[in-house]
Structure formats: structure tokens, C-alpha cells
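I've put the structures underneath this note.
Two complexes, one shared chain (chain A), two partners (chain B, chain C).
The block that comes next holds the complex of A and B.
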């Protein structure tokens, strides 16, 4: 789980707009890719809708580990809905989360970029490792860890590039603090990897067609 | 062969999990027991912050958790969806 938990005004207006623009461009590319498909994949859209509801709900649940954390399910969104629909899903989740006070309005762009990276890396790893690791549980788990690791790296980069308003800490101090957060986040990624692995393994057993696997 | 592939995959996965868990536990011990918002504000040095903490720096207005903004954003989102639906005939 990588998500910037800072209030509005932490980033300057300029950087809030920069990350919003980046998110809109990425989501725009995703919409363009979806629209360029000759035949719309209605099954994938339905899955994306289910993923939105499930991930938004789980986003708001604080787990009593490491002082209280939440999971995102973003790599699972990537695996089930694909990176294009997944990008739209994370934008919607971030907007609705900000509306109930989970993440600032100005940080929706930055958080969407982070989550899109998680969706994309999760999806890519899951498919790249197909021949190396045929076991669905392990493959989905490893893809989740990879996706969330990259999400944490992007989160640190975004905060370092943007800078935080009204603080006296040096970049080195902020980097140290954020590295510790990323490491703790990866502990939560273990739980998320287990959940994703179990969900994907179960879907692979009962509805393999949803994962693009032919029934044997 | 399938069983061997499964064992190989699980071995790789659980080794990664173990490594990540050890790293996370060390980081947790170093940073102390804090909630996620507290962990963030502490890391970046914003002592008065936290989500919904009212530390907005743009124009001294509290943006988060505001029912008016909630309605405004949902209204704008709904309007954008309707415009997209009409324009692109999704």
C-alpha cells in the first residue's frame, strides 16, 4: 500500500497541479486505449466496477498492524481489470476517498499516479512471470509485492520532487523518514500479497476465463 | 512437473515474504508505534498535520471532510461523466 497521507497544502499549488495533470494524462491514455479496442470487453468493465467497490471499501479499513494501516488491492485491480480499466478505477477510488477525508484533494493526482504504477507493475509482473512461475497464488503474490514496492518508490520520488511546504527538514531527513514508511508499508504488502494470491488462485480455480486461462 | 513448479514458485514467494517482513519489522522498531498519518507527518516534519488536521497552506481553508466540497466534487464528477457519456456515446 502506497498512498500519500498528508493534508492539503503539503504540496505547493504548482506541484498539486503537476501531479493532477500527470494523472489526467495517464488516465486519458487509458481511456484512449479502451476506446481503441474494436469490441468493448464488457466482462472486464464489470470486473472493474466490482474492483472499484471492493477496493474503495477496503481502502477505508484500518488494520491493527504497525500502528494502523490500510491495504489498497491495486495489484489485484491490475491483474483482474487490466492496466487501462485499472487506471480509471484508482482515479475514482482516490476521488471518493478524498471526499470522505482520506487523502487531500490536492493529492488525488499524486496518489493516482502512485496507484497507476502499482496497477501497471502488478499486471505486467503477473503476465511476465507466467512461464517462470505457473502457480497462480505465488505469481499473484510476487506481482503484488513488486507492484507495491514500485508504488512506494514512486511515492518517495513524488514527495522529494515536490517538497513539503512549511517544514524545516532537509531532503536527506525527509528521505530517511519516507524510507522507513516505505519499509513499514512493505510489511503491509505481505498481507496484501497473501490476499491477492488467495483471490487470484480461487478465481483461477472457479473462473479461469476471467484471468485469460482456458479451462482444462 | 506441475508439483515441482508449484513448489518452486511458493519457495520464491515465501522467501520474498520473509525478507520483506524482516525489513518491515526493523523499520517499525526504528520508527516506533504510530498511525499512518502520524508516521507521515513525523517523517516530513509537519508536526501539526495529519489528514483533516486543518493545516492547509494554500489559502487557509480546510478542504478535507467538507460536505459542500463533497457535493461540489460529486456534482462535477457526475457532470463530467454525463458529458463524457453524451459526447463519446460510451
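The block that comes next holds the complex of A and C.
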């Protein structure tokens, strides 16, 4: 997943607050959507909690590609938990991550906005492509790539808009540096798409009900 | 290395919780709200200042508090790997063309990369800020009881966010342990040996899928068990959180005043916009 790997003090107070506010608004909408359900699904809360724990555990695993990369499976969270619960899940993962030094407290807002985009795009693509691409592996892979691509764009936009404190480069110079990071991120996104495709295909075989598919 | 630990460079949640529950230090008796306010003020200060000396002094103070609480300093330095790598991976790219007095240049043919004094100061400042934040966060986690954290989550977040958070926090230890066990099983059967990206990807994908499927299975079992015990959709964390004492309020007020004096007293503080 795209994640701003910067710690506290990288963004100015104003921009830290701007992105925190944006995240609170998005999470507020998700909370409101979940609360306004006529028949609250208690099971979904328990599933979302386990989804959070599983995603956080996987996030700690370093994969032996390109010297070690990590993935967060945010589009997979969207596919499994849906965009509303998924938005809450990514906020909690970002808070837990900040607590152990993976991203700063001040950057939780920006990172949550990025991850909510990934969750939403992943979920939307996976469901929109249902009739066009019935194969679970390909559909989940494409949805993941689309989600992570959008997340990367939002990440670059957030850093360009906010700037990094103490960096006195021009927008063009920052963009050049960020393009390199985005290229690496997209390389990792291909791996994450492949893994998500396999995970969804495996879940589709073993527990299709988790994907809303009737057992044949 | 505990059973829940997947990588040695990532803070061990079992060890952190063990220190927190042991309550063997004076700081364990300080109100969690005081320490939470301290976290907010520390983050505020490092957001508002760009001064390397202030960051250095603040880091040494927090490291001193961490060590005096009897928390593991060697482990802390090992846990610094992740934030240090993150800062270097992003800022390491940006420092090369930073305006300032050139220290050395690197001619790559098409482009010449120049490292300046401002570039070096920038990377050290951001590194110090990262270490300050991580050290204080871990100090907070390792001196605050699990029950108090749960009660804080219950009070701060709205439903159903608090419910997902509380359940996830409870399940986290089980899931980490399960993931660690699966990886141990994979490694003991030769799964750690790097083959092709496709084979390696498939192994990891199956492990991840298994983590998710087992988590969902466990979620359903736990959900049924909770319903059988009277769960009505509301997981309450009713532990009373100790209120901040007079000394805690005084200390945090003094810290807030110090931040105001430092930030407003500097000729070009920055950090606001």
C-alpha cells in the first residue's frame, strides 16, 4: 500500500491538521453509514476487528523481494470488509503503526486518506468488473493495481501540496524524487496485486461466503 | 524473541505489554491522560520546530526518561531500524539537490547530485524528530496498562469505531502469534529458501490467505461465544482511568508553556504553515 514513510515534524502544523481533518470527515462518513444501517450487523464488527488484526500482522512481514518489502493489502481489506468498515480498519492500522514508529502521529491523517482511496477503489473495481472478469485472481489483481495506483497519485499530491519541512527544492525537483518513489511503489504494487489475486482466489475456493459468493 | 514476534526490527508487542502490565516503574503510576497529553505536546513541539539543537535536547530528555523507567534501551535501538530506514528512504532522495554549501558532488553523466550542508542538517533533523516520536510512543505503551488503553479507546472513539478497535486490540496478540506460528511452520519445511518470484509469491499468498481465513473462522467462533455470554453488540471497557494529579497537570502546563516560549521566542520558528 502507498504510505507516507515520514515521521512527525515532516509536515507543518497546518497541513498535518488539514489531512487529519480530511481523514476525520471520511471516517465520520463511514461511521455514519455503519450506524445508519437499519439492522446493524454485529458479526461484521467482529470480522472487521479480525481483519484489522490480520492486516496489521501481515504488514509486519518482510517479503524477500528486492531486498525486503512489506505489503498492507489495503485493497484486499476493501474487498473483504467493504469501503465503510474498511475505512475504519485502515485508520486503526495507521494508529497502531504510528505507535510502533511506522509513520508519525501527525501523518496518520494523510496516510488514512491515501488508504481510504485504496480501499474504495479496490472495492469498487472488484465489484464493477464482476461481470466482465469473472476470474477472481485477475479481478482482484486488477482491482489492487488500480487501488494502489490511485493511492500513489494521492500520496504524491499530498506531499507536493504539503511540502516537507526544511526541504527548499522546487516543485519539479520534489516531483522528480517522488516519481522515483512512486515507481518503486508501483513495482511493489505488482507484487501486492499478484499476492492479493492469489489470496482472493484461495479464499474463493475455501471460504467463498467471505466474498459474497454462494457455495456451488 | 517472543512467539508473536515476526521480525526482530519491529517492536515486540508481547514484550511491550509485559512491561506495561508489570507496573514496575514510577511512570506506570502516572495518569495515562498525563502521558497522552505529553505525547500530544511532544508531537506538537517537533512539528513546530526545525531547530536541530532543540530536537537533540528533547531526544536526550525523552531517552533519559525511557531509560530511567527501566525500559530496555538495547531493544529500543534495534526498534529504531524501521523509522530510520523510512526517513532515509524518502528524505534520502530529497537531500541531494537541497540548496546550500556543497559538501561533495556525484556525477552520474546525465545529472550531477550535490550534497549540501543544509541537506545533511535536514536529514539529521528529521531523523531526530522520528526518534523522539518513536521513543516517547514506546515509553507511553510500555508504562500504560492494557486495561487503561482499552478504556481510553472506548472514551475517545465513537461507535462502531471503538468496538472494532477494542476487539482488534484484543485479537492482535492471537493473530500475531498465529502468523508467527504459520511462518515458523513454513520455514521449517524449507519455505524460507528463495526460489522464483512466482513460487515465493505463491507461498506468501497462501500464508496470508490462511491468516485471513483463520482470522475469520476465529472471529466467527469468538462472536458466537460472545453472544452466548450476553454480548449485545457493545463491548464496554469500564476500567476507571486514573485522573491526572496536581503534579501531572503542573508538569504538562509547564511543558506547554515551554513550547510556547521556544516557538514564539525563535526569530524564524516556521512549522505553522
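Please note the rule applied: the second predicted complex is superposed on the first by the 206 of 216 C-alpha atoms of A that agree within 3 Å, B and C clash if a C-alpha of one lies under 4 Å from a C-alpha of the other, contacts with A are read in each partner's own complex, and residues count from 1 in each chain.
Keep in mind that, in the parts below, contacts are C-beta pairs under 8 Å (C-beta built on N, C-alpha and C of every residue); 3 or more make two chains touch, one makes a residue touch a chain.
Model, not experiment: these values are computed from the prediction.
Participant: Both complexes share chain A, so when I overlay them there, do chain B and chain C fit or clash?
Facilitator: Clash.
Participant: Going by the contact rule set out at the top, does A:145 touch chain B (first), chain C (second), both, or neither?
Facilitator: first
Participant: Using the superposition on chain A described above, determine whether A:161 touches chain B (first), chain C (second), both, or neither.
Facilitator: A:161: touches no partner chain.
Participant: Figure out whether A:13 sits in contact with chain B (first) or chain C (second), or with both, or with neither.
Facilitator: both
Participant: Touch test for A:54: chain B only (first), chain C only (second), both, or neither?
Facilitator: Once the two structures are laid over each other on A, A:54 reaches chain C alone.
Participant: Could you say whether A:102 touches chain B, chain C, both of them, or neither, answering first, second, both or neither?
Facilitator: So A:102 meets both chain B and chain C here.
Participant: Does chain B (first) or chain C (second) touch A:25, or do both, or does neither?
Facilitator: neither
Participant: Touching A:213 in the superposition: chain B (first), chain C (second), both, neither?
Facilitator: In the superposed model, A:213 contacts neither chain B nor chain C.
Participant: Output check: A:183 vs chain B and chain C. Expected answer is one of first, second, both, neither. What do you get?
Facilitator: After superposition on chain A, A:183 lies in contact with chain B alone.
Participant: Of the two partners chain B and chain C, indicate the one touching more residues belonging to chain A.
Facilitator: Of chain B and chain C, more residues of chain A lie in contact with C.
Participant: If we overlay the two complexes on their shared chain A, which of chain B and chain C does A:80 touch? Say first, second, both or neither.
Facilitator: It touches chain C, and chain B stays clear.
Participant: Looking at chain C, which part out of 9-17, 63-71 or 81-89 clashes with chain B after superposition?
Facilitator: Clashing stretch: 81-89.
Participant: On chain A, which stretch or stretches are contacted by chain B in one complex as well as by chain C in the other?
Facilitator: Residues 4-10, 12-13, 35, 62, 95, 98-106, 164-169, 173-174, 177, 180-181, 197 of chain A touch both chain B and chain C.
Participant: Along chain B, where are the residues that touch chain A in the complex?
Facilitator: 2, 5-6, 8-10, 12-13, 16-17, 20-21, 23-28, 30-31, 33-46, 49-58, 62-65, 69-70, 73-74, 77, 88
Participant: If we count contacts the way the header does, which residues on chain A are in touch with chain B in the complex?
Facilitator: Against chain B, chain A makes touches at 4-10, 12-13, 35, 62, 66-70, 95, 98-106, 133-135, 137-139, 141-142, 145, 159, 164-169, 173-174, 177-181, 183-190, 193, 197.
Participant: Mind pulling up the chain C residues that touch chain A in the complex?
Facilitator: Listed in rising order, the residues are 6-7, 10-11, 13, 39, 43-44, 46-50, 55, 79-80, 82-83, 86-87, 89-91, 93-94, 97-99, 118, 121-122, 125-126, 129-130, 132-134, 137-138, 141, 158-161, 163-168, 170-172, 174-176, 178-179, 183, 192, 194, 197, 200-202, 204-206, 208-209, 211-213, 215-220, 222-223, 226-227, 231, 233, 270-273.
Participant: For a test of understanding, state which residues of chain A touch chain C in their complex under the given definition.
Facilitator: Against chain C, chain A makes touches at 4-16, 27, 31, 34-35, 40, 42-43, 45-54, 56-58, 60-65, 73, 76, 80, 85, 88-89, 91-92, 95-96, 98-106, 164-169, 173-174, 177, 180-181, 191, 194-195, 197-199, 202-203, 206-207, 210.
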